[in-house]
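Okay, handing you the structure first.
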């Protein structure tokens, strides 16, 4: 199966000073590859991006330039993860759509960071899923699925096993939680998922094995039906 | 004043076979320049983009590639409009953020089409407004402002003179009209306008003089207060 | 056999408003590939290019910029045709000679539009034939070969089965028909064909099966002997 | 006046081992600039290009790659001539049409070598003349104008003071001298000159002062009337 | 005076978690500009580069890729410093020699990070000094000049006021201190300084005012006479 | 075995006017490939580069621009050698690190010339050895190994069979022979060899068979132990 995975930068690169442990995720991706799946990955910027953006903003950078700096850090994160994957990975990180097409031609795992200001890494992952013809888009977050409200604030929040895109939009609207706010998925990504009918799973990425479960159909997160 | 204007492709390039009349808009932009304003322009893809996208889709192109093709047409439209502006315009159309920075360095009117798949020309215009430090973002549409519901379907729709971004989001949500649906403004553009506090005017672009009025503070459209 | 085919934009994209039917040509190319031939394709700009160039010219663009705009449309046409070919095609359209070398390295069908102002798509196709080491260059037109004069104007025009390049130049000269005028072949292409000794067939491209016939040696057009 | 000058590589870089003396030509260009003219220059490849092409061909390079290598040498020649011009020259040599537009935006003397395989430096110079809006195109050669036949072979060859493009084509045809053969001007360049109505002067470039005379209207060469 | 300044990343970006205070250095550069000097700046990678390189190395990246990652961080640092300088700075960070030439054409303060693996930021700064025609190259370090041995290890180390390049090489050799080891200057930079005869000052960069003193001839560091 | 070979431009392209005979070296590389080795090659600029640099310098080019011109010639030399190798070679010459990664992905013999000003071709070859994961770096010169002093000046110079990098640095220092001076190896290359522990052989490249011997462990030159 062709599958695009958005790996949260906050999970892979959670703080500024310690060395990240990428091995558990590398092993999970290797297993997916070993089982014959065709994998595409977007890596977020995480804490280092947040920090660099703050430095830029404090020195007068406009928000688009801040986005651009965050994208550069996400690209470096993707590069480091590609090195951890070794020969399985396409050796270059595509930085625009033309390069993406060249990367897809290598037949290897294509890793990306970001593309252009104003676009979240969720949206980039949705574009990659669409362009690579992925049947499944797995979105890793730090919660374990879609809830009726933010589960970190409301202990009674109810978790959904399945939602349609229309229902997901209603949930996000009615609960007063705007898309993106707790790092779930944003409206651009939803638009792309809908137009290309890509089955999407929002899962707890803190355990890398959940990615395997999601691809094998055993996940505990939320399925977004396009 | 620094002002970014999104010129609707559907207004400038309304059909597939006739020659567009760009002169009225060229005169409006020349007047803005003559009054000392610093102008940045995004031109949409219009009918030619819609047609080329349809050809690509019917021949098996994925939606991201379709977006990319629409962007290429928008870039050609921007190129043609830049030629109509003559020496006032930056002679190249920036196709990514690095080129945008080189274009801004020329001190001329910078014209753009699109950037990357998944991003509307509205979002590109908001990025350009942000990066150029524009105080005003004028968004031309084929209606004369924001209504409580789609005025083409509902004759009782009430037009707003001023809205906050929060109110605009609520109006778009509650009326069941999703952002973008009647070519108004999308959620990415709104996010950028909010974060950089750019005053935004949604006006009827079918009369080029409305752009001058919007910049001079005499418009009849809707002001979005960031 | 390595073969480069110039597909006339006027045949593939004959008008501005209807959807082109690329399937017959796709099937012809697939059959060539299925028989073990190695195929390289240049797609012309056709009517959409002619229309965009006219829009640019009417708005003050110099002729080189008009060429450039026509090349952009030819590139989009090549992109759409590549999508119709699916996995057989190199996923990117090379836009300069460096990219051409990267495209040739993929081992897939390489599709191009144009390169630089002042160069016809015929010349681009000759360059592609030369660089790819093609033994045969098939040039599709809307007439069925080389005539002693323009067959659309002169009913007595005699059709040639074989010509040398020297004879072809004489025919074009003596008949008062300058190269390129009825979309046959231009002097740059002739120079390249001569220097690299590439057998060239000028055929009626309105029937896609003629391309197969030309490659298999059964064509009815005109052979240019280098 | 805006003027584009094609400087023959065979004049500036006449042999492989000695140092070229560019100063006389530098002084001529400085004088043109000093008199208020706006100058654009294409420098040919000369002997070094001829030698490098021969090396490439002997080692199996196809003719398009040979062209490309000749273009690289012409670009280096243009770079060296730009250094000799110092601050008057645009500091980079544009290698495609996008870069040409950026170079024109600098307001300095733009120098080019070549663009793409299959295109002579004469054709590149015509494109530059067209894109820069030059009123005059001065083409330096090693003969002193257009003759009824090759003056180096036929002592009775008659020199023309003025020719139309149509007459020039007829002269080149009827004399059996194909365009380009004695380094005069080729058919692509003629097509561009005709379509953009650029007055063209073919002069003896062995004396740099002839370039000044040509611009000031005192030349002894041949005027091609577009 | 044209002056190139290498700003140590370890001084500007000294740790991983706090916000750097770039203002004192911005004021120093503004003063230099205000006094009519023409300034070019290279910013090093500092602690963030060191950290990112360590992450890459621990995940299997070869050393050239590590260099490349360090260069990317140095480019981001240069970008942030350029934002702090506002309109005085060239809005893009040149990433290769072609872009450097475009940046120099803007007439603004050009800021760079790094170029290619295997090249220190000292060497990049020397290349920038050479290409920009700088008469002075100011190299900021965390010691106050060149000593007979490492002053941090040997309290009797003697500080030099002036050295020739030959003497500096001998000092570095005889003291067993290899170039670069205490962040002074490396052999590539020395080679460039020698061949282009660029006066070089090695100063304590922890006080930004030392940069002004160095340019005005009042510094306390070490002058390297080329 | 993965092996990177630096082919001296002075050996391959020894003079300005005659045709180089690349066949003996082509046969040596073919044999290496035939024995299953994975080969990467850097070709130097040789006499043509020296001549072009001299022309540039005499016309006012700064030394960095001279370097850049030498790099361009080395790239052409690499291109010509790649043509002589035919299908064994990657069809494009990478000109920066991003392109190098794309070239490595082709699985063919990657050929390079140079990268950036201030970097010798020795240093480029060391970067290529490092990035390609080569176990062996073969450096061809016009002497037959490392001597205690320059063997062309001192007939008593003693040749070393093996040296450590530390010893090699001491030899180069103590003998008053600065790195690079007799085309051996420079300090940047030594730094890269040391950090990545690449076994390096300095051999007499005037006989191409020595390259085979070096790879098979039978060479007569000097081994540098990292």
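Residue numbering begins at 1 within each chain, and the chains themselves are lettered A, B, C, D, E and F in the order written.
One rule holds in what follows: a residue touches a chain if its C-beta (ideal position, glycine included) is under 8 Å from a C-beta of that chain, and two chains touch if they have at least 3 such contacts.
What you see is a predicted model; the values in this text were computed from it and never measured.
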| message | Show me the overlap between the contact partners of chain A and those of chain F. | response | C, E
| remark: Shared touch partners for chain B + chain F come out as A, C, D, E
| request: Determine the centre-to-centre distance between chain A and chain D, using the mean Cα coordinates as centres, and give it in whole Å. | output: 54
| query | What whole-number Å value describes the gap between the mean CA coordinates of chain D and chain F? | reply | 38
| request: Report the inter-chain centroid distance for chain B and chain E in whole angstrom, where each centroid is the mean of the CA atoms. | output: 43
| At which residue positions does chain B touch at least two other chains? | 65, 102
| Which of line, ring, star, complete and other names the graph you get from chains that touch? | other
| said: Under the stated touch criterion, can you name all the chain pairs that qualify? | reply: A-B, A-C, A-E, A-F, B-C, B-D, B-E, C-D, C-F, D-E, D-F, E-F
| message | With touch defined as at the start, can you tell me which chain F residues reach chain A in the complex? | response | 98, 101-102, 104-105
| note | Seen from chain B, its contact residues with chain A in the complex are 62-65, 68, 96-97, 115-119, 123-124, 126-127, 130-131, 133, 173, 179, 186-188, 191-192, 195-196
| Which bits of chain A are touching chain F when the two form their complex? | 90-92, 102, 106, 108
| field | chain B partner contacts - residues on chain C that touch it in the complex | value | 16-17, 19-20, 22, 48, 51-52, 54-56, 58-61, 65, 69, 72-73, 75-76, 79-81, 83-84, 86
